[in-house]
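Got some structures for you, see below.
What follows is a pair of complexes built around chain A, which joins chain B in one and chain C in the other.
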Partner chain A sequence: MMQVIANGIVAGAGYALFALGFGLVHSTGRFFHMAHGGSYVVGAYLTYVLVSKVGLSSLVGGCGGVLGGAVLGAMMEIAVFRPLRRRNASREGMFLAALGLMVCIQNGVSLVFGDQPVVLRTASVEPGMLFLGARITNVQVCIVATCIAAAASAWIGLQKTNLGMRIRAVASSHELATVYGLRPEAILLLVMVCASALGSLAGILSGFDTDLTPSMGFYAQLMGVAASIVGGIGSVRGSLLGGFMVGLVQHLGVWKLPTQWQEAIVFALVAVCLCIRARGFLRTNWGTKD
Partner chain B sequence: MDYLLHVLVLFFLYAILTTSLDLLVGHSGLLSIAHAGLYGIGAYAAAIVSTHFDISFLGSVAIAMLAGVLVSFCISLPSRGLKGDYFAVLTFALQMVLFHLLNGWDRLTGGPLGISGIPAPAVFGAELDTLAETTLLFASCAGVVFALSRNVATSPFGRVLHALREDEGLTQSLGKHTYRVTIQVCAMSGAFAALAGALYSHYITYVDPTGFTVVESILILAMVILGGPGTILGPIIGAISLVSLAEALRFIGIPASEAASLRQIVYGLALIAIVFLRPRGLARA
Partner chain C sequence: MSRRGWIGVVVAAAVVILLVTYFWNRSHYVQGEGKELSIGAVFDLTGSLSYMGQWSLEGAKLAEQEVNEAGGIGGRPIRLLIEDAETNPQKAATILRRFISVNKVPLVIGFNGSSEVMASAPIANKERVVLFSTGAASPHITAAGDYVFRNRLSGALEAGKMAEIAFGMLELRTGMILYIKTDYGEGYAQAFRNRFIELGGNVVAVETFQQGQTDFRAQLSKVTQAQGIEFVYLASHVREAAGILRQAREQDVSQRWLASNAIEAPELFEIAGEAAEGVILTVAKYAPNDPYAKEFNRVYRDVYGRDSEMFAAHAYDAVKLLAEKIEEVGYDSDRIRDALYEVRGYRGVSGTTSFDENGDVIKPVATKIAQNGRFVEIPESRIHEYK
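== the complex of A and B ==
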């Protein structure tokens, strides 16, 4: 039982980390960034190349992966999302373009690295330590810790700093922010870079925990979107809550039901949440509007 | 020759799928990513009834279409107040649920192994034993779907759909029941998608869940969007071009897995390109 809860929390931390960046982009850019999983998978594979092929240490490789993910985010913003925004693209249009990007990135990775899983883990698999009757590996502790640290710094950054205030201003209204002398495009680029760094961090951590496959980004995308919808898009609290809820529901569900229903439960939950409230359980605390 | 006929069958199959999806995406402005799920429901409904019960081809197709209507009806029920990209995300989630139903409910669907031994199509007792006859069957079904969809699009009901696409509030203010219209068009589209599924499973005589994933949904959507949503012939042209592309990639000697990736990259790029060309709305009004 404790093991099931621990697994749920570890998975949930990964989803929350992903949902954090996804929600940031959604609140400021006002579209479903379906290519967020692109940074996730590219960050993880870049780390794999740096660690296994170049021979850097895990930490340096991981930093390189995060950097690569951030650069990919900046490229997506500059090459696709910014031009589309300038053309007044509809939200559906942005959704579709992002979905198209995700398909391209996933298959690009699959062309380069093949569909077979690759292993990033450098050390041998350890049994992990016992914590309240559940076995947790160091990497898994690291995932939960990173998630909480990232959420805390995102919250502090958004609520307490001047830059965070500017981001919230842009999230609230692009036009008003422009009137007050802010440059929404620059802010949106910055948000995309930070969000993509978070996304690739989530990918790299999960890469150290399990294997890498080209479809991992798409899977994370699905779960991250689910977490965002369940928790409420556009708040740090909502991403955390949603991530952990999805992780726990997924693992607790399996405890009672056959494993093949794991994802069906999650997405049924998403559909129910969408029906009840399109914004999820928590109201956004950023004052976004459509 | 058989190969060419097989490609023709695929053309007609995808023409049915794109024409039915276009009722939602093009005519009503409802971006649905659950179409492969409905297609799968049709395929499995036909497969299950025709392997478990002694039922004719036409009967199993009818039951499959009924199943498609029912599931599509259920999908559209929560759509009230969910517009644009939120509807897309809802259908995305439901596509996942549908896929996992097909993949997970092993007692009924055979799980990942699927169902084999589905009888080949037979019309009024006469089995279609040559591929040419099957092609004709697909062609006539595609023709019927095409004609029905065209009639719907040009009927008063179709004009309500177009109004709904352009401005839901305004349509309501004219006394149109937009929620009911949404449910009706979803049910219709679901019936046609399930028809395609039923034809497919009787044609291949075997179904497994891998053909009904979200990737397939994106493929059908890409066909519609590439061809031009809301135009009568556009979705069919989209279907023909992407099916031809997939077949053409077979011949230039690329390994199958790489060809699949390349194909999907083309779909992705096509989606991005079309959004760049028509950023404000996908349908050509």
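== the complex of A and C ==
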């Protein structure tokens, strides 16, 4: 039982990390960033190249992966989302563009690396440490710790710093922010870079924990978006809550059911939550003025 | 550039692309016609069965070369038309259709994955083309039709044998089955379950996972959750199996692991390391020290720089056997099919081959255990020592 809960928390931490970046883009850029999973998968594969092919240490390779994910985010913003926004593209248009990007990235990765899983971790296989009756590996501890640290710094960054205030201002209204002398495009680029770094971090950590496949980004996208919706899109605490809820439900839900129902249970949760709180449990009051 | 200019560029580009593909296709296929006798060959050169596909390809090519060096069939060389099915059943079926409609071949070999055979079999039967699988093991293939043959042993025999060993020699009574959701995995899981229950054993849980899945913790929590599970029977491809065994070790799952043969590849130990030690599997007997196989293995090592393996031997035998049959009855699918049903005790490098009335091969089964980074055969008399 403890093992199942531990599995749920680890999975949930990954989803929360993903939802954090996704929500950040959603509330400032006001579109459904379906390509967020792209930075997830690219960051992970880049780390794989740096660690397994170039021979860097896991830490350096991981940093390289995060950097690569951030650069990808910047590229997506400058090459695709910014031009679309300038032409007043609708949210649906942005959504479709992002979805198209996601498909391109996933197929590109599959073209280069093939569809079979590749293995990032090279360390020997040891039983994890015993913690309250559950076995947890170092990587898994790392995932949970990173998730909490990232959420804490995102919260402090948004609420307590001057930059955070600007981001919130842009989120609340692009036009008003412009009137007050802010440059929404620069802020949006910055948000995209940070969010993509978080996304690739989630991908890299999950890559170290399990293995890499080109479709990992799409799966994370599904679960991360579910977490985001359940918790409340754009809220830091909501992302955490949603992530852990999805992770726990996914693992506890199959306690008595066959495991093939894992995904179905998550979406049942989404449906139930939408019935109770249509806007998620902790939807933030900034960035929703539309 | 003006709009008209752009249209011109686009049209010119389209014409160039059409011409290039036309000539490329011509050079690609026309060689197979005329004097040469073409045999379609569908292997998984990429995707999760690529390790198998590579072996099959090498074995088949070696046989092609030998047949042609010996003067071909009545002076006509054979030619394998090789295509990659990417471990994808739809892709395999598409290639088969193209072989039939474009190349007009009467027989197609290969098909490493069982789902590929199942997707292609209806086409082969309808178009009356012999489909000879050198790698697919699912018991479902037994009933796949009149034109479908294989020289890879049916998984029903391997999985059934595993159940007998588990019950009789390892004295295991309560287990769980974990299988990959493909025709292969389902076939092995069913065959094992049926036989184990028939013997009086108890299967308390059956769980599945997807091809390409990487996180198996929910499945593994089922192993420790149910009471009294002594072992897990794992029907899986190698990558997934490696991930499962690694995560099982990390969660300190101490149950015994029994497995289907597809996990027997070097990658298992590269990924799972120590966690793979002690896994027991059953597989069609391949005796590299048999005089026929020994010579084959020597040549194989000369050409490819590594030891041969069962899948290479199957593909080699398939090409050799089919060449022999073409020589006997001609380059005609119906006559080749009838001749194949007559094959009894063909001495090949993968052992002796006979076909039953379903086009399935009949061969003995061996038991192997993972020890020090590889699978070693255990003689039947000593299996009980591994209780």
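The working rule: the second predicted complex is superposed on the first by the 282 of 290 C-alpha atoms of A that agree within 3 Å, B and C clash if a C-alpha of one lies under 4 Å from a C-alpha of the other, contacts with A are read in each partner's own complex, and residues count from 1 in each chain.
Simple rule for what comes next: a contact is a pair of C-beta atoms (placed from the backbone, for glycine too) under 8 Å apart; a residue touches a chain by one contact, two chains touch by 3 or more.
Values in this document were obtained by computation on a predicted structure and should not be read as measured data.
In the superposition on chain A, contact is made by A:Thr213 with chain C only, not with chain B. Touch criterion not met for A:Leu189: it reaches neither chain B nor chain C. Shared-chain residue A:Phe31: touches chain B; no touch with chain C.
By the touch criterion stated above, A:Ala89 is placed in contact with chain B alone, chain C being left untouched.
Among chain B and chain C, the chain that touches a larger number of residues in chain A is B. By the document's definition of touching, neither partner reaches A:Leu56: not chain B, not chain C.
Contacts of A:Leu248 after superposition on the shared chain: neither chain B nor chain C is touched.
Touch criterion not met for A:Leu67: it reaches neither chain B nor chain C. Of the two partner chains placed around the shared chain by superposition, chain B and chain C are both touched by A:Gln260. Of the two partner chains placed by the overlay, neither chain B nor chain C lies in contact with A:Val141. Within chain A, the residues touching chain B in one complex and chain C in the other are 114-115, 258, 260. Within the complex formed with chain C, the residues of chain A that make contact are 3-4, 7, 11, 114-117, 119, 124-128, 135, 137, 209-213, 215-216, 250-251, 254-255, 258-260, 262.
Note for the complex: chain B touches chain A at residues 31, 78, 81-82, 84-86, 88-90, 92-94, 96-97, 100-101, 103-104, 106, 111, 215, 218, 221-222, 225, 257-258, 260-262, 264-265, 267-272, 274-276, 278-282. Per the touch definition, chain C reaches chain A in the complex via residues 46-48, 50, 86-87, 181, 206-209, 212, 214-215, 217-219, 221-222, 224-225, 239-240, 242-243, 246-247, 249-252, 270-275.
The touching residues of chain A, when paired with chain B in their complex, are 31-32, 80, 83-84, 87-97, 99-104, 106-108, 110-111, 114-115, 222, 225-226, 229, 258, 260-261, 263-264, 266-268, 270-271, 274-275, 278.
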